[in-house]
Structures are given as C-alpha cells and as structure tokens.
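Okay, so subunit A shows up in both of these, paired with subunit B first and subunit C after.
Moving on to the complex of A and B:
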C-alpha cells in the first residue's frame, strides 16, 4: 500500500504548528505572567488541531487554559490525525471495516482495563514509598507462574480461583519480605539518595526473581486452562443478530464484537478488585492511613500512623496487584520467565501518562494506552511490523507526555511520599 | 603508603598488558575471549558509573547506545563498499577515481534466491573488478559518533527529568531501539543478525609477528587500549572542574545551579560522553565477535552492567571497571554445572541468581561496592596519623 504524500504533509504541518505553538505560547504566557503549567500541552494541541488560527487566537487572547478547553483541543487533534489517515488510506481495515474498528476498540478497552489495573499497583507503591518498582513485571510473571505451579504441579485439579488466591498471597509475602529486608534503610536516612537506591534495589529483585524462576522452571512456556466457561447464551432468543451470544470460550456482542473468555474474566475480576481496593482506601482505617502517608509522612506519623508499616503494606499490595494481573492473564497468553518485561514497560508508560502517584490517572491512562496499542496494531498496514512495534506505541505516548505535560493527566502538585525529595 | 592504589593500578595494567604473552595454560583462546568480553563490560560499567554514580543520572538505556554503536558500524560496513567500476544497478556515486557503491537492502533471503545488487554485479564482472570493503576503523568511528549523537539528542530530551522519570524513559528508549532493530528486517536483518568483517580482516603484523584474523591477541590489545583510553578520559574529566560540577549536580541540583553551574549543559555533556564510550565499546565488540543481533539489547545485558558497576562501586569508575572484569571472569568460571545428591544444578542459570543476590546484598550492606572501599582504604592509610602528628606539631588547622 502506498501512503500518499499529503498524509505526511498534514502530519508534518501539524507537528510544525504543534511545536511552534507549544514553544511560542509558553513564552507568551510566561511574559504575561500567567499560569504556564498547562500551556505546553494546550499550545501543542491547538497548533496541531487548528494551525495558525489556534496558535494566533491563544497568542492574542491568552485565555485561561481550563481542562475543558485543553481536552477539546486534544480530541480535535486526534480526530484530525484520524481523518488524515482515513483519507490517505481508504482501503485500510480500520477505515473501511466498521466491525473491525468496533472489535479493536472493545479489545483495546478490555486489555486497557487490565493494564490500568496493573499500573495501579505501581502507582500505589510510588505514591507511598516514592520508589518506582522495577520489579513490577516480575511480580506479574510470578503471579502467572504460581497459578500454573499451584493448579497443575503441586495440587493438580485444584480450583483455579484458589490458585489465583494462593499466587496473590505468595506475591504479597514476597513483596512484604523484600520491603522489610531491602527498602527499610531508605526511610532511616542511611542512604544518601533514596530514590536511586530504591530503583537499584528493585532492579536487583527483578533480576534475581527472573533468573530464579528460570533456574527452577527452565525456559519452556506454560499455559493454564481457562478458569470458567461461559454458559451458552443466545439473547434475545429470536433476534437477528443476537445482542449477546456466548459459547464456552467466547462472548459475542451483536455478532460483531468478539471477546475471548480469559480476557473478559480478567477484566471483570480487575474491576471487582479495583472496587474492593477503592473501598479499602477510602472507607477503612488502614486505607485512610495509607492515603495519609502518601500525602504527608510526618503529619501521618504525628497522627499515630506508623509510616514504616504502611510502606510494607503498600509494597506488598502493589506487588500483589501485579501478580493478580499475571494470574488472570496466564490463561490467555503462554508464560515464560521473561514475560514481565513488556507489561512492566507498559505500566511505566501508564503511570507517567496518568501522573505518578495518581490512582484514577493510572486507570484512565491504562485504558488510553490500551486504545492506542489497539489502534497501532490494527491500523498499520504491515501487520508483522505493527506487532513488533508494540513497545514503541507506548513509548510515543510516554515521550509526548514527558515533553508536553510531565505531571501527567491527573498529576498531583504536592510532594508525594518521596521523603522530602519533592514529587 | 598513599601510593599503594596507584602502584596496584599500575601493576594491574602491567599484568593485563603482559598476560596474553606469558599465559601458556589450557584453553588459550577461551581465556582470551573471556578477558576481552571482560574489558568490554568494564568500559560499559565504568562509563555507566560516571553517568550514574558521578552525575547521578540513572540511565537504563546504556546498552541501547552500545547497540547503536554496534549497528552503526555494522550497517556501514555491510552496505557501503568501494568498487573500481560502476555496477550500473546499485545506488552509486563517483568517489575520487573509484565508485562508492551502496547495496540495496534485501533483508533475510536464502543465498540461492535473491542476490543484492553488488553480488549480481560481481557475478557479471567475474572477478575483473576490485571491490574494497570500507575500513573497519572508519566504521567504528562512525558508530561512536552515531552513539554520541543519539546520546546528545536523548540527553537534551531527558535533562529536565527527575531520577524516576529518567530511568523509565531511558529503559523505554532501549526497548524502542530493540523494537526498531527487530522490526526493520529489510535493513537490519532482524533476529538473523548482521555479519561484520573482523577487526583485522586480512590479518595484521605487529613487531614482526603475523596474526591471522582469528587470533585473539590483536583484539585483546585493541579492547584493552580502548578501556585504558576511556578510563584515562574519565579520570581526566573527574579531576577537572567538570568532575567537580558534575558531582555538585548529583548532590544538589538547585544548589549547584544557584552557584552558577550550568546544570543543563553539564548533564547533556556527561550523557553524550558516556554514551559515546558505550557506542565505541559496542562497535569494537561487534567487529570482534563479527555479528550483531538485537539480543545485544536484552535487559539482561543492562542488568549485568548495572550489577557490575554496583558491585564494583558505583561512585568510582575504576572500581566499576575492575569489578566488571572480576565478575565476568567469575561468571565464566561458575558456568560448570555440578550434581549434588542426584540433583543436577544447572549453573548456567543459577550463576545469574547468585549474581542477583550478590547485587542486592552489596546494595544493602556495602553501599559503596566491594572494590571501591579497598581503594579508598589504601588511599587513607596514614592520613589519620599524619593529621595527629600535624596537630601535635602545633598546627592550628
């Protein structure tokens, strides 16, 4: 397929005006002594979406950049890119084929929910310990591996849900023990640069866990049977197409959107656990203590909360969340000791996009990244290359976020639990 | 006594310089290979410790720049040749009296199927035209420059980022480089890897001794020389004002900026220099092993470099280099599998577990690494006595 030259022309035009808008408006707002926290993003989006008109308007009027204005501009820019793509390549599957688009979007949403859930663990750890856990992917990996070992090797025929629970419990203990053994010096002021120490320590854990599993298990891939079968449904019975029809391994909506059973159960479980987690964080004493520590360690300590115990709990919970994501997805993908690298990368992208330390941001970011990846894999003309570039789509998002809005979508202004280091 | 570290260092250099000439034990080529790889990791570990330990910029993309260096020279040597006659089918330019021929990218094909344009032309010429590959040293220089330029660009992009963001971004950058190399099969041949000419493809004569292209001694000295060069540059940098500024930046960026240090410029500068070193090491290593594959960029490689630097001592690049050589030798000697009580222990993987545990223990209990404190200890011998003696002598300081 031949991409017409004007597609690249439009993209270049948008990039040029976007860069110009972001740089020029930054200066303009700075010169007028206005709030510049949002201006790089809004400027880039207005430049990309409306070209000289948008940049000129913002330049002359310098309106306050409300979230609503920014969002509208951002969506406009995305729509414009999509339109240019549709004109450039009208035969493409994701322009011409509505069913394909619908199933790509629903797939992106579902996998995005799982990504977001996994990133939630990372952001929980960061908001309380101030550490980016580089072992997150390895927790994901051991989650899946443990389910396999529990339900297939150690106790054959065990209910898979018990296997998932067991995997979560073991990951929780591993996280708690690691935090006690390795991360405690960070808070006692024994380390000059705690953030870097935390990165290296979790990096060491990742290395050790990965090769430990490889040494114990070997390099052969494993897979687990799906946990539950869908009941056979046709509903409504005599409609054509059926609104919902399900067989054991697959769920079909309107005869177009097909959702595989493992992903569906994983997404539903993630949502349930997420609700439970929100309940824990907002309605119980422990959860309130956790949030208090993430806002201000010293004040929380004065109020009678032991921050060190909260650290341990947060790290263990974060690791457990990653392990749960792995335990749910082991029925969908084949599992290797190296499987954690890509989801870990993805979680990093998501937490930066959502704002390090922001729980809702992680979830929204997860869905966005899921959609971007679905679009990337579905729409690029060369399917093989599209699949190879999966890690790159997230990185484009990451780069844009860091350039335009380093605090992320829902980034918090105040210092998170970085021990006086600032956010 | 204060000269002990310097003396020991000199002895170590002399030992490694003389080693290939005096070593007569078994497995000569294998031992040489282990040491060459050790020097390669030593360059990476010491430049990374300059970046992470001295400047406080924890980059996890160091191997990506190494890969850019390696692929830079590989692509250059693979696609550019000089022929005395125009081929008529390739892209080509007059080049003094010869022709600079650029091969077309055909990706991975069986040799019986499609041939690249140069091969077709050579078949037609039937050996009447001389085709010269590009000089290896030029490829290495270009690879180094490519790595340095990539480092400069990434450095400009990440200089505003704080520790966690920087680590995430560089890790992602390394994933992107790997994805691009694996995906662009037409050009990079993907997992099949690109073959390169050897460091001295037609042999070399040093001091009257002829070495063939497979001999280990020339690449040994090339890699060793590169290591010494890098250590020399790093030492010079660390002792100059630059080193002072960079350390100030690590300790407190705002304070350094307030005292007039151009933090941005020095961050980018240190990033560029260390990445260029990594790229140079990668380019030389690529010519030594004669093949590059995307597996160079596995996270394991980066983990090894980080672990070596941390175990050696992340704030002292000489210690990091020694640690890297030492650990590389250790890892190789640990390769032998053994059997305990009927259970075979596959040491090829368990040694990495051992390595990870060593990394964590070092981090937890020996924060300055295992080798750096020894150097510091020797350096400080007698300092206390001297100070006491000075005080007794009536000095008021």
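Moving on to the complex of A and C:
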C-alpha cells in the first residue's frame, strides 16, 4: 500500500462516526419510543458512510429504518471503504486489474452459492427442530465419499449423476433414521435439557460417521473425475474476444473470467436445487407444513400437521442438502474423512450471519462470505498474509453483524425456541 | 577336553545364559518404542499412513530377527494429527502411560518442534524421521536426533534446481503456515535471490481446500515457475486447481508437494499433474542398499503400492536405528541409548546413518552451525519429474542434481 495513512485515516473516521451514530441514534429512537430493532445497524452505517451529515439527518428526522434504507447506507459504507483503498493503493490488483477483479468476484459468487447452499441445510434443521446439527460437516463428507464409492468402487463407470442421486438418497435415509432413533427423546419430554441433548446427539453422529468412514476407507484422499465435459464452444465465432469460450474443463467469459468446470456445474446444480427447494417449501402441502411447524408448532399441530414427522423430514432434508454439496464438490477437491470440518464451521458462521432459522439469510450470508473471502484474498496487499486470513474474513463480517444486528441479516427475533417439542 | 576346562565352559555358558536371562528379566517385555505419525487431518494422512506401515514392517523385521535384549519390541504409534498441541499430548502419553523407552517417526516439523522438549525433559531419546525444521536439532538437546534433511538443505535443492532452468525470472511460492513451510519458503526466496530471481510468497493454513482466489492472484503475478511447499492433500488440491486455471504442471515449471511421491494418490487427485517436479529424499531405487531393496519389496507387498516413499524409508530407519542403539547400549536407559546413538553406524534403508556431532564433538569445531548437532549429514536429495502420465515415482526421471540425473527435465513452457 503506497499511502496507508489515507486508508486507515478514513477507516478510523468511519469507525468513530459509526460508533457515535449507533449509540446516539439508539438513545434518540428509544427516547421517542420508536422501533429500535434496526437502529444500531442503520446508525452505524449512516455514521460510517455519511459522517455527521448522516447521523444528524437521522437524529433530526428519525425516519422509519426500512431494510431499503439500511441496505443503501451499508452499500455506501462499502463504496467509501473501496474508494479509500483505491486512493491509498492505486497499483493493487483489485484497483488496477479489471480482469483480476472480475475473476475474484466470479470466484466469490460461485463458492458463495455453494457455501450458502450447504448452510441452507443447517438452517432448515434449526428452524424446524431448534437443534444445531454438529453432524452437518459429516453429511457433507459422506456425500462426496458415497459418490466416489458408488461410481468408482461399487459400480465402476456408472453415470456420476446417478452416483450423486444415490449419495443423496443414502444421506436422506441416514438422516431420517438418526432422527427417529436418537432425536425423538428430545421432543417427547424424555430428557431434561433438549438443547444440550440435541447437540450431544449430533456430535455423536459426527464422530460415528467420521470414524466409521476412516475405519472402512482409510484416510487416503480420493477424488472423482468431473461429471460432465463442456462442449468446445467459441461464441460468437468471429468475435474477438469471444463472449463465451469453453473447453472440456473450463469456461471463459469475455476472455477474462475463467471458471473451472467442477465449480460451475456445482454452483448451477445448487441454484437449480435451491429453486426446487423453494418450490417445495412454498407450493406444496409438505413444504407449507414444514414452514408452519417452523413458525408455530402448536398451531401447526392443531391444523392437522404432525410436527414429529416434519422433524424427521427436516433433519433428513438438511443432511441431504449437505451431502449434495459434498457430492458436487468431490469432483473439485480431494476428499478425506475429515474434509467436513472447515465447511461445517463456515456453515455455522453463515447461519448466524444470515439469521438463525432464515433460509434466505443463509443463502445471502453464504454469498456474502464468499465475496468477502475473495476480496480479502485478492486485495490484501501482503501476499503472504492474504490467503492465511481466509478463515478470519468471515468471522470479521460475523462479528460486525452481531455487534450491529444481533439477530443476523434476515433473522427472526424468536426463531424456533421450541426445540422440536410439541405435537 | 579336560574335566576342569569342561567345567569352565559349562560355567561360562551358564553365566552367559544367566546374563541374557537377567537382561530379559530386567526388562519389561516387550520393549516399547513410541512413534509419531499424522493419521488424521489436518495432518498429512497420506504420509502418516505410509510411515505407520513402514514402522510396522520394522517391528516385524526386528522381532523376526530375535528382538533386542531378549525381548520383542512393540511400536506404539501416536496420532499427532499434524498439530503441535496434539503432538505434545501424544508424546506425554507415550512416555508416561505407554512407557516407551525411545521414540521414532514424526512427519510435520511443527510436531517435532513442539514435542521434542517433552522428550528431552523426560530423558527419552527421539530419532525424528521426517521433520525438517532446522531448530529441531539446532537447539542442541541431549536426547534429540534426526535422520531427515535440514529444511535449509531441502530448500537449497529446490532453489538450486530452479536456478538451473532457463528463463526463470520470477517464482511464486505457495507455502503452509507451519514450522516447516515458513522457514522453507524464506530460505527458498533467499536462495533464488542469489540468482537474481524474484519471488513472491503466498502462505495458507494447513488443510486449505479452495485455492481459487490464490490461483488468480498468482496468475496476476505472472510467474515463470511455481514452487509448492505444502504437505498432504492440500498440495494435490492446489496443483489441480492451478492446472484447471492454466498455470499447472502442464503449463509452466511446477514443483508440487512431496506427497506426490505416493503416485497412486497423486494421479487420482491430480489428473493433470504430468511434468510436475517433486523433491525426493534418498537415492533412486536402482541404487538402494540391500536393506533398502528388502524393505521396498516388503512395503510394496504390504501396501500394494508401486513405489516406496522416502518418508516411509526414514520411518523404518528411525525405529531400526533406535533398536540397534538399545542393543549396543545393552540397556533401555535414555542416557545409555544417547551414548550409543552418538557412536552408531547403522546400515539403514537410506544408507549408512551416523551422527558426527554431539557431546563428544560440537559442530562449531568444524565451523558448522548448531543445526548439525545429532544430525545425519548424508541424506541424498533429488528432484524427480513425472514425465509420463500415470507414472510411478520410482520410475520418474531424476532431473537434479547431476550426480543422480537420469534424464533432462522437460520444460513445458519452451
């Protein structure tokens, strides 16, 4: 960084006005008996983005702090940070190299979609059962392992898509059976501390799955060849550069953004399955029943929905979603019995960031974490440290969000406090 | 034979038998020797499993040959997970609960750096097999020995090789944030600088899976060569993802991680890994000692692998040399074993192993640095290249140094 004093000066200015805005506006809105649920975040963003002008305006007018207003203020703050960074370090790749920026954004988006998809399963389980599944990473792991075993060991040459479907089906059954056998005592009043019981039971499942796979398979990394080959395309044929060019293992857009085949197919599949999941949740009786249970278990039971059956379905679906993420990524990454640890931790971060129990929040949180990680890795001037801090980038965003908006980006204030009980 | 002479022979034989029986009775049989190996992530499990298999072969070979001090040996393997804090706990457990009399093995440098103090404080001799960090012997601890090369020697092999390649002006180094990776990357960068080659270092956490962002950053640096100082499946992931992005071994000179020596796993995980360079410790298989050939045959039969990794040979030797030291010491006392190790000449799978510097002769007497303390000075270091797809590491071409060279390196960027 050529002139770090400008960048850090702006950051200090933003922090000072952000803290002032958050504290002062909280008091102001409380004194006027207005809704304060969003005021910490909006106050901090207005102070950080607009300084005394933003804080003064909100202080005087005390307008309703709509999501649109807070989003605009948040984007303004990010733009200000980016401008300060560009001014302080004009030679940085993130400032001077458009191709690099486009590649980092596409990488962040693609991996963020996959992060968000995996976190979706975790938040689905939490929203229905009120349990944080500590076995989520192991479902992710068995998804990839099952595809390897189905398509390479058990039925060599089998279409990988059938392997993916098989892995999903097995993970679904494992989730359903586990929920029936181990989690039902939690909501039948047989245990005094259902939350702790749920955590311990899923911990147990995590250890069982991980060490079972290690005992059966060993710990050598495996990988599956890519599921589909891209056709060779140059489109438009006579353009320079081509808008889209593809080889078997790679897709290039405008001769600028390069996306590897496994990531692209994984991200697209995640989007398709996400749409199917949204259809299930919003357009089918089963999905509506799941949502009803997540909102009010007793009312759902009165309406004829069996909450226990929904518990089983939610846990099985959540596990299957994690397994699908693993099944799609085993063509991109080397796979070990311990491969689920880091993605599981990231999913916890994303779920809290997005708001416990919020499906859209999980997906938005995933994309946000993917983009922040890409920005950190790409833009940090010290190359040696840029990649070392990858796990920290998500935690920084999480910490800021929890400070300013404890319920998360899209969280409900009371997201399933029933811990699966009722019905 | 006179009657008196017969009595003397009889008494002498009885005495010898009594001494042997006494030695055996004085020991708790079997004699337990500890071993460190990473058998769980984030450690390098591929390497850990290879070392475990090799040390099991060592145990079987030694017991088949009659054991030591009239006892069989038992190799007690502790899973270090590649984590220093775990290594300290495992070393404590091996010594205090399992009652080992000495410790071999060890893969990650951070494991060696953290656990050596525990062993030294408790007076238990350790022969580290594959931990490279210079400080492991550089601290000049009484009970700590090493048969792996120093990190600075290993780095020198890589940068000296890089300087022999034409057209290399800038090198990107990917390293892990460990006691192996950080010093190795700095030594490599310093060495490259002596040949006016610029370098840029990227460091990652051990076990990192996704390298997309780093790969783009490396592309933006436009390097002429990439050097990977990362262990385990992380190196597989990086190499294949770099290949997907057009900067892999098929595109520019590319040194991948040492675990590529397990060629079966390498080709499964890095299908586009042809022309990668890999550092290898030890001479080529054609120049193996008799013991090396016998071990290689037993190892291949046991594991089904087509080649034998250098860290497996080091692990085998680390157990075998400790057993020889116990035999020569005639005791499992730590001080006696150390005294025997300081004077040992062990015919191992890697060659004749000895430790020229120790309490009898300080490295400074020959103008050497402290890291030469209890350090085997002669491990052979080579660079190999996978010049054919699916090739085993045993068959791969040795391209550096000239003393071992079997083929010229294929330069994909020319």
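Here is the rule we use: the second predicted complex is superposed on the first by the 409 of 423 C-alpha atoms of A that agree within 3 Å, B and C clash if a C-alpha of one lies under 4 Å from a C-alpha of the other, contacts with A are read in each partner's own complex, and residues count from 1 in each chain.
One rule holds in what follows: a residue touches a chain if its C-beta (ideal position, glycine included) is under 8 Å from a C-beta of that chain, and two chains touch if they have at least 3 such contacts.
Note that the structure is a prediction, hence the values are computed from the model and not measured.
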Using the superposition on subunit A, decide if subunit B and subunit C clash or fit. clash
What is the contact status of A:196 with respect to subunit B (first) and subunit C (second): first, second, both, or neither? first
Once chain A of both complexes is superposed, is A:204 in touch with subunit B (first), subunit C (second), both, or neither? first
Which of the two partners, first being subunit B and second being subunit C, lies in contact with A:341: first, second, both, or neither? both
With both complexes overlaid on chain A, does A:374 touch subunit B (first), subunit C (second), both or neither? second
Check the residue A:215 against both partner chains and state whether it touches subunit B (first), subunit C (second), both, or neither. first
Look at A:80 in the shared chain and tell me whether it touches subunit B only, subunit C only, both, or neither; answer first, second, both or neither. neither
Would you sort A:253 into first (subunit B), second (subunit C), both or neither based on which partner it touches? neither
By the touch definition at the top of the document, which applies to A:19: first (subunit B), second (subunit C), both, or neither? neither
Once the shared chain is lined up, is A:390 touching subunit B (first), subunit C (second), both, or neither of them? both
Superposition clash, subunit B versus subunit C, among 7-15, 25-33 or 259-267: 25-33
Overlap of the subunit B and subunit C interfaces on subunit A comprises residues 214, 341, 384-385, 388, 390-391
Would you pull the subunit A residues touching subunit C in the complex into a rising list? 93, 97, 100, 103-104, 107-108, 110-111, 214, 218-223, 225, 249-250, 258, 260-263, 332-334, 336-339, 341-342, 373-374, 377-378, 383-388, 390-391
Please name which positions on subunit B make contact with subunit A in the complex. 52, 56, 58, 60, 157-158, 160-165, 167-169, 171-173, 175-176, 178-180, 182-184, 250, 299, 303, 306-307, 310, 346, 349-350, 352-353, 355-357, 359-360, 363-364, 367
Of all residues in subunit C, those that touch subunit A in their complex: 39-42, 45-46, 48-49, 177, 200-205, 207-210, 212-214, 216-217, 219-221, 232-233, 236-237, 240-241, 244-246, 265, 268-269, 271
Can you check the complex and tell me which residues of subunit A touch subunit B? 126, 131-132, 134, 181-182, 185, 191, 193, 195-197, 199-201, 203-209, 211-212, 214-215, 341, 345, 348-349, 352, 356, 384-385, 388-392, 394-395, 398-399, 402-403, 406, 422
